[in-house]
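Residue numbering begins at 1 within each chain, and the chains themselves are lettered A, B, C and D in the order written.
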Amino acid sequence: MPSDASSPDFFSAGGLLSPVTGGIDGASDHAVAFAMVTAELALLRAFAREGLAPAAVGEVAWEAQREPWFDLDVAGLARASVADGNPVIPLLPQVRARIAAIDPEASIWVHRGATSQDILDTALMMVGADICSRIDHLLRAVEGGVLRLAQQHRDDPAVARTLTQHAVPTTIGLRAARWLDALGRVRRRLASVATQLPAQLGGAGGTLASFVELFGEDAAAALPGAFALELGLRAPDAPWHTDRWPILELGDALVAVVAALGVVGSDVAQLARTELGEVSVAGGGGSSAMPQKQNPVDAVLLRSAAMRAPGLAATLHLAAGLAVDERPDGAWHAEWPALQELLRLALGSGTRAAALTSQLTLHPDRARENLELTGGLVVSERLALVLVPRIGRERFDALIVAAAAEGGLADRVRALPEAAGLDVDALLDPEQYTGLAGRITEQAVRRALQDGIRP
Amino acid sequence: MPSDASSPDFFSAGGLLSPVTGGIDGASDHAVAFAMVTAELALLRAFAREGLAPAAVGEVAWEAQREPWFDLDVAGLARASVADGNPVIPLLPQVRARIAAIDPEASIWVHRGATSQDILDTALMMVGADICSRIDHLLRAVEGGVLRLAQQHRDDPAVARTLTQHAVPTTIGLRAARWLDALGRVRRRLASVATQLPAQLGGAGGTLASFVELFGEDAAAALPGAFALELGLRAPDAPWHTDRWPILELGDALVAVVAALGVVGSDVAQLARTELGEVSVAGGGGSSAMPQKQNPVDAVLLRSAAMRAPGLAATLHLAAGLAVDERPDGAWHAEWPALQELLRLALGSGTRAAALTSQLTLHPDRARENLELTGGLVVSERLALVLVPRIGRERFDALIVAAAAEGGLADRVRALPEAAGLDVDALLDPEQYTGLAGRITEQAVRRALQDGIRP
Amino acid sequence: MPSDASSPDFFSAGGLLSPVTGGIDGASDHAVAFAMVTAELALLRAFAREGLAPAAVGEVAWEAQREPWFDLDVAGLARASVADGNPVIPLLPQVRARIAAIDPEASIWVHRGATSQDILDTALMMVGADICSRIDHLLRAVEGGVLRLAQQHRDDPAVARTLTQHAVPTTIGLRAARWLDALGRVRRRLASVATQLPAQLGGAGGTLASFVELFGEDAAAALPGAFALELGLRAPDAPWHTDRWPILELGDALVAVVAALGVVGSDVAQLARTELGEVSVAGGGGSSAMPQKQNPVDAVLLRSAAMRAPGLAATLHLAAGLAVDERPDGAWHAEWPALQELLRLALGSGTRAAALTSQLTLHPDRARENLELTGGLVVSERLALVLVPRIGRERFDALIVAAAAEGGLADRVRALPEAAGLDVDALLDPEQYTGLAGRITEQAVRRALQDGIRP
Amino acid sequence: MPSDASSPDFFSAGGLLSPVTGGIDGASDHAVAFAMVTAELALLRAFAREGLAPAAVGEVAWEAQREPWFDLDVAGLARASVADGNPVIPLLPQVRARIAAIDPEASIWVHRGATSQDILDTALMMVGADICSRIDHLLRAVEGGVLRLAQQHRDDPAVARTLTQHAVPTTIGLRAARWLDALGRVRRRLASVATQLPAQLGGAGGTLASFVELFGEDAAAALPGAFALELGLRAPDAPWHTDRWPILELGDALVAVVAALGVVGSDVAQLARTELGEVSVAGGGGSSAMPQKQNPVDAVLLRSAAMRAPGLAATLHLAAGLAVDERPDGAWHAEWPALQELLRLALGSGTRAAALTSQLTLHPDRARENLELTGGLVVSERLALVLVPRIGRERFDALIVAAAAEGGLADRVRALPEAAGLDVDALLDPEQYTGLAGRITEQAVRRALQDGIRP
């Protein structure tokens, strides 16, 4: 998006009831409207670039692009979109009028041969590419923060919880390393999709017949590529009016981003519980009634996004599967707001995660305390591996049950004749039963560094 | 909503990419913000009504309610909602300032003892009740239009299509009657839910402890009822912070409305196909490229809503099922934007359906022509009932196969010795094989009239 | 379901990967197949009851109903359903053969005038009604268990957690009371839906034309009611081939049940966390590796159901909104497996919840300990109400911040000159700041008792 | 899957109410159970391969693998899975018993150091890889059929329909080419995912601590790779217990397959409508009541799958985003049945599509007739491009409106003085306004041929 087109609130959308996207400036209605204008102007430039329209038409388009478009009546476009079912048709007179104000003769070139879907699909791809690029930056920042945590706490022991219960020891570093790998993977997936987003230019029925009529076959065949080039999008292999792979692959990559961040949010929200206390958040949200609370608001909002995104992606999948005829009777229309909200959710999640991880404090001491809560039973898997061959499964289980009920695990083990010669203290030390946690953490850190992430 | 609070665009939201909600003025961010203000003011009035605050506090609240609230900085509230995770906290200073401007002493009563969730949940219920009432009116209008069609075309024959194929005859009247019954049912369901929507007033943990501290047990116990009374909502049996039945029952009723209208849209979109031509729409949307088209835009938008609503309702169901603790860590937040958009979709669907059915033209002549397309095979079920007992299944199937391939059904039947004495013309007349279509239509019409629907 | 038709595994379905439904015997493929048989036989009885077929036909149908149907080749039906798109058509020869084996002349009455949808829709309603009745019993058992908890722990204090953080005091009783109200509401909603489930009998196009041809108008008009009566279902107002309200209202009620139980599961899973320890489960699931763990498996499975049900309900909503023509081209088919799985999920959730709550142990002592974790800050809302009027917001906030950082809340309060005369111990006692928790619990208990629930 | 393990129904699942998966033999409960067995046995072989267990253990595992496993009590496993929440734990005694029957000493190596999730996740990946491979073959067959259509009907004209209305001309070839491109893309996407599916081996907490205890660090680090090698899966970078990218990327690719096939089904269902008649299906499903119908059952079932898959994928996205702790409390469990059903839906869709396209008959004559239905108005876009510059927009629109109302388009154009010299017949000939349809078709065909697709 050319930055000179932006005014304070031009790109930000309300979202009063969607704090996860509060104040973010992307994929707003204004941004989409501006992208539609940009697509229309790029078509003029493509005509000129290909020698199909006078060079002056391209220059006029550049000039119009530089103009501020703040005063686009986006609410009016929304109202007017009802009659024809999309916002492109009511936008055209506004674009024509501005072009005509610069050069009356150029205005006949506006939207020439194009159909609404060419402009709207292309605008969605542009907005999508822009948001992908911003999410990429945000994820890199998040990964940087997480990388730092993985390095700092590589060997700090913590408890691994499964089905809510203390299971075996792990490390804080490994926890961070799992986030790190996951975030890197969804970032690369999104980046890979972003480079493939195509422009759309097929005309009314996807045959480019109007362009053939106006300019001949070869010129028409070259036009989608020229149009894409003007916008930094990929030239489409063919019109994709009813083959919605760009929407699906983008949507799938976005929902994967939201899910990966949802895990971070879910883990932080759990670890921040008053009883666990293994993390605390800076500037946590307050409460209108309880001044002492430090709510992990960013984590909570990441979770809310992870609950909302799947329904939006489902709408995209459904719409893609019902894309009948040469332009579908509802499936196309269902797709736009779902994609827009999904873009905003992913961008909002990235923003919140960057805020969260930039100021997340871990408490290795509390993690260590929690690890001790079961009086050593957290290493009972290890004990089983060592003791069962010596005393049998039955006696071992009885020992564990007794220790779980009445404590005294270490003494009970020491009292076993068969345990003579074992270093019981070492055996029961959670820090000595973290397996490959350090090594796996190290590898994840190395992968992130190789990927350009810096703490 | 007090009408004096509305300015031209106060209640309408953008929705550039959601033409089905284009220009509708309901459940916008402003409407929600205004409902939150109204809830805060109603709490002041409830304090006064119960004698807990000076009577002047109630009067100040009434005065503030009458003020225009156009200039609420809703975009600012959205931005500020990020820090604490909801928009109530940043709203409070604005409300306090306005109250203080009228009467400085009254401002200490603002939000006294309440928690954000009390205000936000209550505001959603108010907006919900308002939208329900508007949808009720719209559905009655739609039903009126459909009732007229059912009456006018009660006995006009048409083909019943199953799995896309001509099956047996039916009537246009019955088709309309099916819509009519469906719409009446979802309208009554929504109305039933609307009358049960409760206010929320539970304080920070759902115990009303703050109100007990301030006013004593009995006064605290009476307060939710007084608060609800001020707002025209139901007094809650108990705080419903984590028992989200009001959200679920409202959401379910809304998605049922959207689905019933989606069927109307789907039928109209099919019947309007160029090849079917059994309906045409007035002022159908045009095309930027094809001047001859009359797109059934309203029907298409109804279908788009029917594809989007299920994902939003699913978010509500999910959030309700994960409403853990005394205020959940994300599930509550996921619910607001889903409900808001579902309210808007249902209202938008109602609006589009009212526009569609007010100007829908049926073409009984085309319906009759279509009925003839299979050369009489559309009554082969009837033929089977009559002929199989006379000629056996095998010969009958052979006859049908031959007629399907080469035509001449009537002659083939007449040529059967066993058909002697049968009135073959009557037997093959689709209009004489419409079963109880007329009777069922009549009953649906009667039910609608008894329900107050007028053509 | 007549019990004499059941063999050990007749009604249970695999569901290897769906432990929440493991071993439950409802809505299995066999149960659905048997319901289809039952619907076919009921149609024979309805013919006889109305005097349209010889009385012997009805007797034959009763005899066939009493037969074991274990050996229905359900897997074969599933394979054969592909060709025609539904399992009714391949079922018919099996039904005809069994009837013919009893009385060859009766077999011509099988499926006479009916269409596949009549049988399949009716069978789904029968299975639905059966599952609703079983869920009703299960929910009553769950409510009984919860009622007992509410009574036993009415005044046991606990901490209310909001956004994962300790907020204010509440009681264990109130927590149980919230579950109790929620469960009662969804049970009554389901029961209300169950009584309205209609039979389907409309013939090929929903006009009952085949029945009119066979029996005349009045007899045809009476037939759906007679058919419904044979099955204990409601007589339909009209055929509902494309007006899917029975599916929607049933699905919505089921997903609400799953959600209400999901809240119980979510709360139990949280409270069972090793660090919280406020509940423990009997016979909790073990681990293949960690003998000491007591996993709250039932609670976890309730949560998994709450995550799965929304997507299934969304499929029902979608299918209802796209029910085009007189029998839709895919929407009808999408509905069956979604409803079947939703029925099974709700029944499985009820089963798991009954197991969970029958053996749930609460630990009021741990709840009390947790309540003390914040050193009294859990009553800071109350402190604010008392102290802010005396020392101002600024000094109060500073006091709380200091106490949060360094402890000593009670001493800090006592040290305030303005606090002279206050009973600081009482003020800081969480048990004395539970507001109306006891009263609300009492009311919920009373409502449940009035509703016939017994502990 | 080793073929010697299969008995007639071993791999097929019921799915009575899911005709789209009727009779397919993949991802059934038995297939999953067998995959779990295979994973357990592969772990024994991996121990032997790495020299951690005696070579005999590996040989025993190979022998056990060759055994028939038909008699696994899968229904019993499902029932038993409830207690611990997954089916691995009850499976272990069965596996141990069989190993012990071959070699009692080998049985202690079963599941050694592993956790349930290692086995279950790995089994899902194996089943996933198997299904991917089968879908690949099916899609290639479908693409072959579609390629043939694209070639045969490259230049057969047809009407492009947008929003249900005739828009402009296109070709049958281009319609097929759009399917072809879409199918190739989803096939390659699925294949790309299939090659990346990793084994899972992390032990109880994802640290491999048990393997370190048993074998030392380096041996433990090598084990996941050896395990993967035995199964033909990828060695995991790290345990992915809570980083569910393999599930998500597989699920997303599957739902994209279902969607691409849903478009084929939707197009075929529309084109097969009695009024359109541009395609007919061989062996179309019949009706229990209407012998003349040829229902496009396969197309309808493809659409039903396209409506169901999004809700299942949404469950996967949700579960991935809520994968908290080191093994989540419900999110993991929600994932299995959703993935299993999605695998079956995609495989079933591929099967149905292969059947559909192998016998699909196109009717170019009917397509041509339909193209004529608007009396030439289908080329009004072209007319506008030619005439508006000559007669202005206003006169042009009036001409079209008049022709739409009263016909006579050609004469009206010829009557224009400004049209003198135009070849009006050519101008109005739809076949001469198909733009680049032929060229785009050609390119899609070439791409498919280069990809190895053969007609």
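The working rule: a contact is a pair of C-beta atoms (placed from the backbone, for glycine too) under 8 Å apart; a residue touches a chain by one contact, two chains touch by 3 or more.
Note that this is a predicted model, so its numbers are computed, not measured.
Set side by side, B-C and A-B show the greater C-beta contact count at B-C.
Note on A-D: across the candidates B-C, C-D or A-C, the interface recurring with over half of the contact pairs conserved by residue number is B-C. Computed centre separation for the pair chain A/chain B is 32 angstrom, with centres defined by C-alpha atoms.
Look at where the CA atoms of chain B average out and do the same for chain C: the two points lie 24 Å apart. Residue positions of chain B with contacts to 2 or more other chains are 85, 113, 161-164, 167-168, 203-204, 210, 269-270, 285, 287, 289-290, 295-297, 300, 303, 306-307, 310-311, 314-315, 318, 322, 329, 381. Across the complex, chain B meets chain C through its residues 85, 113, 160-164, 167-171, 174-175, 177-178, 181-182, 185-186, 189, 203-214, 217, 220-221, 237-239, 242-245, 248-249, 252, 255-256, 258-263, 266-267, 270, 303, 306-307, 309-311, 313-315, 317-318, 320-329, 381-382, 385-386, 433-437, 439-440, 443-444, 447. Contact residues of chain A toward chain C in the complex are 159, 161-168, 269-270, 272-276, 285, 287, 289-297, 300, 310-311, 314, 318, 370, 373-374, 377-378, 380-381, 384, 396-397, 400, 403-404. Chain B meets chain A in the complex at residues 9, 12-20, 22-23, 29, 32-33, 74-75, 77-89, 92, 111, 113-116, 203-204, 210, 265, 269, 283, 285-290, 295-297, 299-308, 310-312, 314-315, 318-319, 322, 329-334, 336-338, 340, 352.
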